[in-house]
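A short worksheet on the structure shown next.
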Amino acid sequence: MAEHAFGGIAIRHLYKIFGPDAGAHVEAVRNGLTKTELNERHGHVLGLRDINIEMPSGSIQVIMGLSGSGKSTLIRHINRLIDPTAGEVLVDGVDVVKMPEAELREFRRHQTAMVFQKFALLPHRSVLDNTIFGLEIQGVARAQSIDTAMRWLERVGLKGFEHKYPNQLSGGMQQRVGLARALANDAPVLLMDEAYSALDPLIRTDMQTVLLDLQKEIKKTIVFITHDLDEALRLGDQIAILRDGEVIQQGTSQDIVLRPADDYVANFVKEVNRGRVVHVEAIMAPLGATAADSGQRIAADLTIEEAVRTLASAPEGDITVVDPSGMPLGTVTFRQLAGAMVNAHETNDRAMAIAANAA
Amino acid sequence: MAEHAFGGIAIRHLYKIFGPDAGAHVEAVRNGLTKTELNERHGHVLGLRDINIEMPSGSIQVIMGLSGSGKSTLIRHINRLIDPTAGEVLVDGVDVVKMPEAELREFRRHQTAMVFQKFALLPHRSVLDNTIFGLEIQGVARAQSIDTAMRWLERVGLKGFEHKYPNQLSGGMQQRVGLARALANDAPVLLMDEAYSALDPLIRTDMQTVLLDLQKEIKKTIVFITHDLDEALRLGDQIAILRDGEVIQQGTSQDIVLRPADDYVANFVKEVNRGRVVHVEAIMAPLGATAADSGQRIAADLTIEEAVRTLASAPEGDITVVDPSGMPLGTVTFRQLAGAMVNAHETNDRAMAIAANAA
Amino acid sequence: MDWFYQFPSMDDNALRNLKKVIDETFRGFTRNYGDLIEGFFVPLQHFLIASERFMTKTPWPIITLLILAIAWAATRSIRIAAGCLVTLLLIGYFDMWDDTMRTISMIFVCTILSIAIGLPIGILMSRSDRVQRVVNPVLDVMQTMPSFVYLIPVVMLLGIGKVPGLIAVVIYAIPPMIRLTNLGIRLVDKDVLEAADAFGADNRQKLFKVQLPLALPTIMAGINQTIMMALAMVVIASMIGVQGLGQPVLKAIANQYFTLGIFNGLAIVGIAIMFDRVSQAYGERLQKHREVVHG
Amino acid sequence: MDWFYQFPSMDDNALRNLKKVIDETFRGFTRNYGDLIEGFFVPLQHFLIASERFMTKTPWPIITLLILAIAWAATRSIRIAAGCLVTLLLIGYFDMWDDTMRTISMIFVCTILSIAIGLPIGILMSRSDRVQRVVNPVLDVMQTMPSFVYLIPVVMLLGIGKVPGLIAVVIYAIPPMIRLTNLGIRLVDKDVLEAADAFGADNRQKLFKVQLPLALPTIMAGINQTIMMALAMVVIASMIGVQGLGQPVLKAIANQYFTLGIFNGLAIVGIAIMFDRVSQAYGERLQKHREVVHG
Amino acid sequence: ADCGSVTIASMNWQSAEVISNLDKIILNEGYGCSAEITIGDTVPTITSMAEKGEPDIAPEAWIDLLPDVVKKGTEEGRIVKVGSPLPDGGVQGWWIPKYFADAHPDIKTIPDLLKHPDLIKDPEDPSKGAIFNGPQGWGGTVVTAQLYKAFEAEKAGWTLVDTGSAAGLDGSIAKAYERKEGWVGYYWAPTALLGKYEMVQLEAGVPYDAAEWKRCITVAECTDPKPSAWPVDTIVTLVAKPFSEKAGPEVMEYLNKRSWSNETIAKLMAWMTDNQASGEEGAKHFLEENPDIWKKWVSPEAAAKIEAAL
């Protein structure tokens, strides 16, 4: 984490309890009181328990989890729309929790932008005026904000609708207005709470591309809540999975798919299109098991899907897996590759073996 | 279509134009005025144009399409929350458009139930009271409605939350309340507008199962709007794809994936996990091309994914595809199967050929 | 250029004659139909008298308990019940018990009547822009036509006493109830109404299960204003013979008994606060959902 | 058992003495501070006099044009401007021009003042439950303490004339403005406010860009009620020497000139409807978004 | 005696209030009536008497002061005058505070005062003097306006201030008195206010001219009034016609006879004001203190009953 540039987000020992007398129960929760117990005994709802996440600058952090597991609650802590019951939220090295009011306001104006699960558009403002809202709050001149806003509206496919009011738009269009509003803000931290849930696959892919481009070009730090595994895998440099307010597993998409921490996570990723996630590396047999270098070679970091596609018309036989420099790493057969696409357990077992080897 | 049982839904020549003087423009739209022209010349928005869909009783009709293409508008016509500008909506043989007020009310009470894209829960009622709302309107005794409601709340995973108010729930939980409210109504027609968009994959799959079970047991007719292709393919007996208020393509999931009507649809289904949709039949070489019956046999209606899974450890060579009675239909190789999973064009070309043969 | 500085108004004589004709017509009308109309209100009068008798003749501890019981039942708040008790005791201690009971009896009937009439009218108004366009100016007239102006005709028709007093109070106090009911219902979220429609709710069901509950905060503001305005009319009503706290106030003015006026005025305020707190707390009890907020 | 039927009230003598003491205290107060307080209001008095002079001395066609221009600028509605014109012509034709101008001048100042004071107080109240708890009973007192009670003290402090009249009117007319501003802001959707927070809006920005625009329908209802109540006070104000339409009404009552009362009452109503329609139409122009509804 | 139920109107000034309470006690105790007091403003009350025959008695009506209602009602025979509670009559006129008169011994008459407009400044236009008129609709207000013309006060630099109501008029006196400012305006006696704030009546400087009074001074539209002094007002008891027919001679006789002097009532009102007493207390006080006066009004047996009840 470079200290000179934007410093990323770090959440440390974050607790949130909903209820009138939340502070009194933190200690008990720390000592292991469960969500159900807390609710039954004290009538308080446990929102988050001991969350620790590091989000390096310039990465996309995806958060997933069951409905009601605390994702929205967590993301709201990053710009302190919710005050935590205990813990720290460091953004660029500063603890948001301790910010005085004026500083918090500046922080929200310039450091963060948010897309809301339920859109939260301003019903009395036209699409365009909704989009410039953040800039207006920052005090940017109107002509300039309109330029920016129009650019983003066009990018999200709402050109021609700028003078309509939100209640004249479809759900997905409203969601895109929320998106344009956040993007127009050009903040280093983007908080996106199920920002694409109402979009059709085409526009959704397009919006994912927007995000990836943005992130490549200007290194935004993005926190992205989604229920779509493929989306998570496509976007997420890191994925965190929540259950009942706790983080169950954190890691890269490969980690999550290949090494689910428990049955819950395994179940969660069961339906994923593995061919797109798992790399050849993960299922090859390490060198030495079979004889040397045969004819066909493929790169280790290809996804299985890509590998199958390139090999579909190649001759039978073992294929050598090589690293970027051309060094052979292992072998794999077409049949293994195809099998890995459809069979969770097999790949997992192997992946475990690899992981064990690597360690 | 059995006339004695529930007669399904038929939409015929349905037009919807938004604006103060809609009726005046139907003729022009019928004669080919486009959405953009209508908006620019007359300031009216074309919502739907000449929609014709037959939804047989007991089937699940999925509707997909770009954001803003008119899906919500269409589904609202089925229980006449929106009055069409022209056209017929026959539910069980009766034209909903012509129903007098009282009859329409009875129809809505007993024949339809709806899940809304934006939930539309009653904020002043607890979760339980929201769930019994439909039954209360029907005049069902409270004790009995509570029984039903509690059953459904449990089924959607909200047991223990029945006395909370909607604003105490997460987005996905609210959506499930909306779902329970509709299901508790036990109506033969279920209208679901992006009913699962806020759900995580686990609960979502579970809810899909609920729907499939329901439909198997009591033959409901379900209209389901979704943006999730996998969901569409899993649920949909029929899929209709909309663009700019027009139906671009209608058909089974196989039709849509294998024979997209145009580039728009093709693009739409590009990202789908083909292994789960395409059947072996679609990619086999018809009998006669190769020699007779070799060793391995698989059923023609298996999906490719299933086929690959079963064949992963089988010996090399041609595999015979057989129909349910065991009659050989064609042959296929493992390599072909694997290739079909990843390669759109190839399978499509073959599918076309098969379709041509079949015709 | 005279017309430029001086509005060219109707000829004085013609105006005077016009006024006379109208005056005479009305006088004739009251002489012919006064009794008929008065007869029509006799049941109301009996009710008002009975209610007042009940309030003044029942021993004060019983009345106090009764009021406290109502306050408690409606609000479940010890604070409010205690507030009522203190108010009543102070009123009694400063020797305004009887007048206060008379005023409470009158205002209670007026408020109930205003709500009972105003709510349905407000509902009708919210359902149709046409009705709204017609009713609005009528409400303007009711609120701004000085009560002094119609006191005399009302007295000519009905004599002085409780019934004309009640009519004057209700005319003045009912408009905010109607207006805010209308506004509240019109502001109800369209999405929620659509859901009710989708489940086949008829107008009644929509009204009672969706519109009224959601319009409640605004309707309660209407009730608050109605109570306030009814009590603001207490003194005017006493000008046409309604007994109660208004009369000492009038007397205080006439005799320059400054403190007497203040005391009786404060008793009126005390009643206002009691009525208002109890009704508002009851309204809040009906909308528990607004207490809990996400986040 | 006497105490049971008769409230054991304060000893008559003690009560009498208490009253006397309060009376004397107040009298002493006016003696000592009356001039000071009166001096404080002198600028306001000058303004009121100038405004009235302007309205009565300017030739009527100019005033009429001015009023029409304001109505048109605010509403852009020919219907409303025409309505104003007809009202003004009728008023002039029935020879009530001067009194009407006086009343318009007075009410205009009162309404503007009530809005200007009431809006900020309503906003403060909506921000804090504590402030709400304190302000609410004060508003109750302002609305229900009979104006008759404070007329004499006010006159003793400030003499008769426009300033005390204005104070009496504003005291009575301001509560609905405050109450409905408070209510409107409190009813604003929490989700939208959260979005404003998330973008770093400060209190001012939230207020002007989110809360006030969304509370507008309710605030406009408050303005409507404030106008209505200010006009309802015209007659009371004329009891302490404010000139205008109230005085002919008082005369009509005293003399039983039924028609005179009705005419002047109708002129008051006419002003009410003009003020109300113009302000409400202006409010509607500010909330175009409510015209379009999905579906 | 069988008198039945009677309603007595109590107006909201002190003398009327005390006399209506007095009537109530005497009728109830002495004549077996069940009398009730209804309080109401003068005009609505008398209107109601004329149109509806209810309430039955208005004990103290200033008929010269009161406008057309009474005149019309009596002319049409709907209300009947019976006797006068205050035979001395009411005294109306222009008054100045005592301290003001003492400070300016040269001011005795209206013309005297009119020479010094600077002594009593109009708050809204300090270049002028202010004469405080009564509220619109009172007879005295019209007379004051006409006398203002007759004495050419406008030319002398005075304006006529409309006080709007009794409260406004009283308040302006109280204000002036508490701050020892100058004040001149219309008022009348006997009243509580004059008991509380000592005032001096300005003389007109000319005698009462009955013809002129009738021709012009009481007619608002008349443009050329001549100065005249004020006459003394008649104050009567009004009874609704139906009641006068059913009440019976004894009651009517009492109503006819019952009267007190201005001095008596002034003393009583001073006592009431001192003690902030209600009308009922005032009436009782009177009955206790002045048996010699009231026993002359009633039959001996009634007197005995009343005495017993005290």
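Residue numbering begins at 1 within each chain, and the chains themselves are lettered A, B, C, D and E in the order written.
FYI, a residue touches a chain if its C-beta (ideal position, glycine included) is under 8 Å from a C-beta of that chain, and two chains touch if they have at least 3 such contacts.
The chain lineup, named per UniProt: A, B = Quaternary amine transport ATP-binding protein; C, D = Proline/glycine betaine ABC transporter permease.
Please read these numbers as outputs of a predicted model, since none were measured by experiment.
Of all chains, B has its CA centroid at the greatest distance from the CA centroid of subunit D. Centroid distances built from C-alpha atoms place E farthest away from subunit A. Distance between chain centres (mean CA atoms), subunit B to subunit D: 59 Å. Each chain gets a centre from the mean of its Cα atoms; for subunit B and subunit E, those two points are 90 Å apart.
If you average the CA atoms of subunit C and of subunit E, the two centres end up 35 Å from each other.
Across the assembly, subunit C contributes 151-152, 190, 194, 250, 253, 256-257, 259-260, 293-295 as residues in contact with two or more other chains. Residues of subunit B found to touch two or more other chains are 81, 118, 167-168.
For subunit E, residues touching at least two other chains, in rising order: 43, 47, 167, 170, 174, 276. Note for the complex: subunit E touches subunit D at residues 43, 47, 67-69, 123-124, 135-138, 161-165, 167-168, 170-172, 174-175, 178-179, 275-277. Across the complex, subunit B is touched by residues 39, 45, 64-69, 71-72, 117-118, 160, 168-173, 175-176, 194, 197-205, 227-230, 267-268, 271, 273, 275, 305, 308-309, 312-313, 316, 334-335, 337-339, 341-343 of subunit A. In the complex of the two chains, the subunit C residues touching subunit B come out as 191-192, 194-202, 205, 209-210, 213-214, 216, 287-289, 292-294.
Touching subunit C in their complex are the following residues of subunit D: 4-10, 12, 15, 18-20, 22-23, 26, 59-61, 92-95, 97, 137, 140-141, 143-146, 148-153, 172, 175-176, 179-180, 183, 186-187, 190, 194, 217-218, 221, 224-225, 228-229, 231-232, 234-235, 246, 249-250, 252-253, 256-266, 268-269, 271-273, 276, 293-295. Only residues 12-14, 17, 38-41, 43-45, 47-48, 51-52, 54-55, 166-167, 170, 174, 192-193, 196, 272-273, 276, 278-279 of subunit E touch subunit C when the two sit together in their complex.
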